[in-house]
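Following this line, the structures themselves.
Same chain, two partners: subunit A is paired with subunit B first, then with subunit C.
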Partner chain A sequence: MQPSLSHPAARRTSRFTSRFASFFMPPALLIVAVLVLAEVCARAGVAARSFPAPSAVGIATWRDAHALFEETLSTLFVAIYGFIAATAISLTLAFVVYAVRRVETTVMTAAAVLSSIPIMAIMPMLLIWMGPFVSTRIAVTCLICVFPILVSAIQGVQAVGSRLDELFTVMAARPLQRFTRLALPVAVPYLFVGLRVAAPLSILGALVAEWSGASTGLGVLMLNAMFSLQIDRLWSTVCIACVISLGAYGYVCLIERLALPGDRVIEGASA
Partner chain B sequence: MNGSNPVNYAQAPVLAATISTDAIAARTWQAAAARVLVDRIGNFVAFGAVVCVVWAAISYALHAPDYVLPTPTEVAAALVANGGLIAGATWLTLWCTVVGIAVSVCIAVGLALLFVLSPLADRTVTPLLIAIRSIPMIAITPLVVVLFGRDRWNTIGMVALLTFFQVMLAAKRGFDAPSQSMLELMRTCGASFWQTLLKVRVPSAVPFVFTGLRLAGSSAILCAMFAEWLSGSPGLGTLMLDAYSKQNLGLMWAAVAVSTTLAYLFFTLTIALERAVLDRSGT
Partner chain C sequence: MPGLSIADVSKTFTVDGKPFVALEGATLNLAPGEFGALIGPSGCGKSTLLRMVADLVAPSSGTITLDDAPPRTARLRHDIGFVFQEATLLPWRSVLDNIRLPLEMLGTQGKRGALTPAELVQLVGLNGFEHARPSQLSGGMQQRCAIARALAVAPRILLLDEPFGALDEITRYRMNFELLRIWSQTGTTALMVTHSIDEAVLMADRIFVLAARPGRIVDVVEVDLPRPRRFEHIETPAFSVLTDRVRRSLFSDIEQRFEHAA
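This part shows the complex of A and B:
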């Protein structure tokens, strides 16, 4: 064994890097292989027209970088405000359910039915009722995000142990105090499960709202590219949408890791 | 079942909220599943009745013009008058959804099997799948429209794409669920790879697959309607778009009501199926 590796710290680092490499190398190699294959097929002319060369997509992205950046910001703006509104509504409803246990079934059924309404169908009505403003788009985003957040928030406030509950009764806590001092801290890990699911959905909500009538946003660029069959542009907008969805997911995960001690994070499938 | 419980895997909050605890206490798996169905449909009917009453009150009190809010009677009349049209569109949407799910389950389970055979493929693809799963697939509909054309294949492809990742990860988890001692026992008894697969891995994977199906099935119908709406292939989504562009708002609202009911019923069915399979397999 080489002397540099015999040092415990060095050995630990090398083990760490080798594990890191063995986890990330195969997927990275696969991505590179697929990209190279797509490039070769497109250059050779055997690929279908709807699969452009990755380099062409890259060039299209670079050429439109300025417009793409601005439209993406506009989409992100809608997504973030919709996400915040959905969180606020969910917490309010969770407070109601926590204060009046009996309404739980009603709230859950209402939420489940509302989440079954096809958004693109009521989008024109929302445009008539609320006008073609940014607030309408935020409302649609909020509507799409609210269900997973609400379910996890209600599950969270119901996870309060009965002994703590009794303690707060003994101390004569008011409903609001009970909610903010007891139920919310207990609910936060559960809440983050819903927030993790809703973060990519908020991007989706903003895109859908833009598809059904808006003048700015990534969704508008996407539809324009689809209708005018500009395949490179379509791929570049779709890739950006995927990247910002993943970014939103990663951002919420990061905040969760920072906000909670590791043992309170609830791992699990996304809905 | 080997200490591994699909319900733990699916700590999705939806589960706890939608499968009521008294349903679990029911005696047989048929009864539990039927209980879930009846409970949820009952809630839906009650909620629908309340919505209709409130809606009628608002629309009669405001005397709103029907492009803002038609009355429930107008919508009901449109539903009766266009019954055949709506039923045909509903059938098409449902057919595309079910075919899409069937296709994706076949491919997903097949690929999951491949990953049992080859750990290298598993290590290569699984991290990517986990990342892709959190992308909302509806966001890439425009691309799918270009790839699959504007036919009903587009709808099927879209539904398949939506359900694929969820089912595939669930199936993989299911195939990996049997404990090491279980697999060693099979090896000691001289079982071949395929015997181990059929007798141990497949039975343990079934409940997981149904959990994955429930997670994906909640939005499958809505996704199918989205695909139709954007691509113009026939179905409920296109019916709604056409009705709106012809300003036939009674028909549009009738289609919205039918599609909401359809999506809710489909979701309820997947929950009941999952319940039945989980109870049957004793988890």
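This part shows the complex of A and C:
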């Protein structure tokens, strides 16, 4: 049964739909317009050969769907484990910095130096040390993700007010109790800022890692398509990479919305 | 000796490279179950003294003992309850979970609170708000929650740093009587910092009057009003005599200054 429009719930729904529409319609229309333009240009032969018609990319994606799906799963596997490893390392280091404040500069300097090294420059070294295995790819992904997460985690644990700190001192809290019951809950909104930045980076990290001698993954398909000049296939891998990057970002945002009350979410990606 | 004993305690801070005497030669004793009040102008070191008892600040000289143990031992034994001026609750926890917090710090063995968190909720009159978030409570209710939390581990001493300083006067009187009732039911020793002469006389067995620059105890006023204290006591001559005495002690240094000038 359709509720009448005067019903509060119905009004709320319609307001929600209209806000949803005004939020998503303009970009959606823009994307559709660009796709149509590209299609027209490609069919009219105006565009270069390296610029395939969207429909051709769509057909290539459909044709390779099975392989694309398999390889994307492999990439996602590396991205997710790299992301989790980076989060675990960041929280451990944030705990160390929180428990022993003197080491903050040391940790941050080391992290900054590590993050300024171009990943392509240390990849050969990592390959020699760790071998051409999945673990190496996870390590590369982790390395790319760790800096923004670490910065936000440390910023978060330092946001604990001095009164609450004293309260935990009076209660004779041990360092780990203090961290899990005070610093971590205070840090969570900050942490999510870093996680939002790191989510698309994890996909980037996994793809880049696959370019150095991996046998599976979306990045491998990408390279193969490039070297064999299969432009349609190259484009479909790129499109999928974009989609899963966006998806990773959206997923972290969704978790954040579910985990935190609205007023604790820190807007904007400052990290 | 049992109870709180502070003997010749001084505290010197360094401010801009120069030593600043926050407190000089403070000596006071509280027997178990007694209620003490520290009153004095800003900068007289009364909060510093309270924080030294709680082992948040170390004294520069002198000794503090709680039941013959230094403050650190007492703190690690969970013998100290502290109530700050702001309620200082964890905003992501419910009232009940905030009250439960100190119990989570106790090991698997060792002491347990005399009252359960649910009983404490009753004691401070927050029944029905167990699952509310601190942000949903009024200032007075938040402070009740903070008091309940401080009592959760049945501390031997309850330290209160201007606990009702942020409340309006009506709520404040109400909370004064509430705290007296709670204190008499738990039998703990209490030491409270306050800015209010009325509050000090109404609540305490003994009032320590402090002066500033350097911070020191200038007078000790024994309050011999009967317990339980009632609202009518405020209107008695005995109450006025006591408040006058405290006021005179608070402003004694000003009189002296006038006399010297004359």
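Assume the second predicted complex is superposed on the first by the 249 of 271 C-alpha atoms of A that agree within 3 Å, B and C clash if a C-alpha of one lies under 4 Å from a C-alpha of the other, contacts with A are read in each partner's own complex, and residues count from 1 in each chain.
The working rule: a residue touches a chain if its C-beta (ideal position, glycine included) is under 8 Å from a C-beta of that chain, and two chains touch if they have at least 3 such contacts.
It should be emphasised that the depicted structure is a prediction, and the values quoted were computed from it without experimental measurement.
In the overlay built on the shared chain, the residue A:R163 is in contact with subunit C alone; subunit B does not reach it. Of the two partner chains, neither subunit B nor subunit C is touched by A:L258. When the shared chain is aligned, subunit C comes close enough to touch A:M171, but subunit B does not. Contact with neither subunit B nor subunit C is seen for A:V46 once the two complexes are overlaid on the shared chain.
Counting the residues of subunit A touched by each of subunit B and subunit C gives the higher count for B.
Legend: residue contacts after superposition of the two complexes on their common chain; A:L182 is shown touching subunit C, with no touch to subunit B.
No residue of subunit A contacts both subunit B in one complex and subunit C in the other. Residue ranges on subunit A touching subunit C, taken from their complex, read 161, 163-164, 166-167, 169-174, 177, 181-182, 185, 264. Residue ranges of subunit A in contact with subunit B, taken from their complex: 22-24, 26-27, 29-31, 50, 105-106, 108-110, 112-113, 116-122, 124, 128-129, 148, 151-152, 154-155, 190, 193-194, 197, 200-201, 203-204, 207-208, 211, 222-223, 225-226, 229, 231, 234-235, 237-238, 241-242, 245-246, 249, 266-271. Only residues 9-14, 16-18, 43-44, 46-48, 51, 67-68, 120, 123-125, 127-128, 131, 133-136, 138-140, 142-143, 145-147, 166, 169-170, 211, 215, 218, 222, 225-226, 229-230, 236-237, 240-241, 244, 252, 255-256, 259-261, 263-264, 267 of subunit B touch subunit A when the two sit together in their complex.
Considering their complex, residues 54-56, 75-78, 80-82, 84, 86, 88, 90, 92, 101-102, 104-105, 153 of subunit C touch subunit A.
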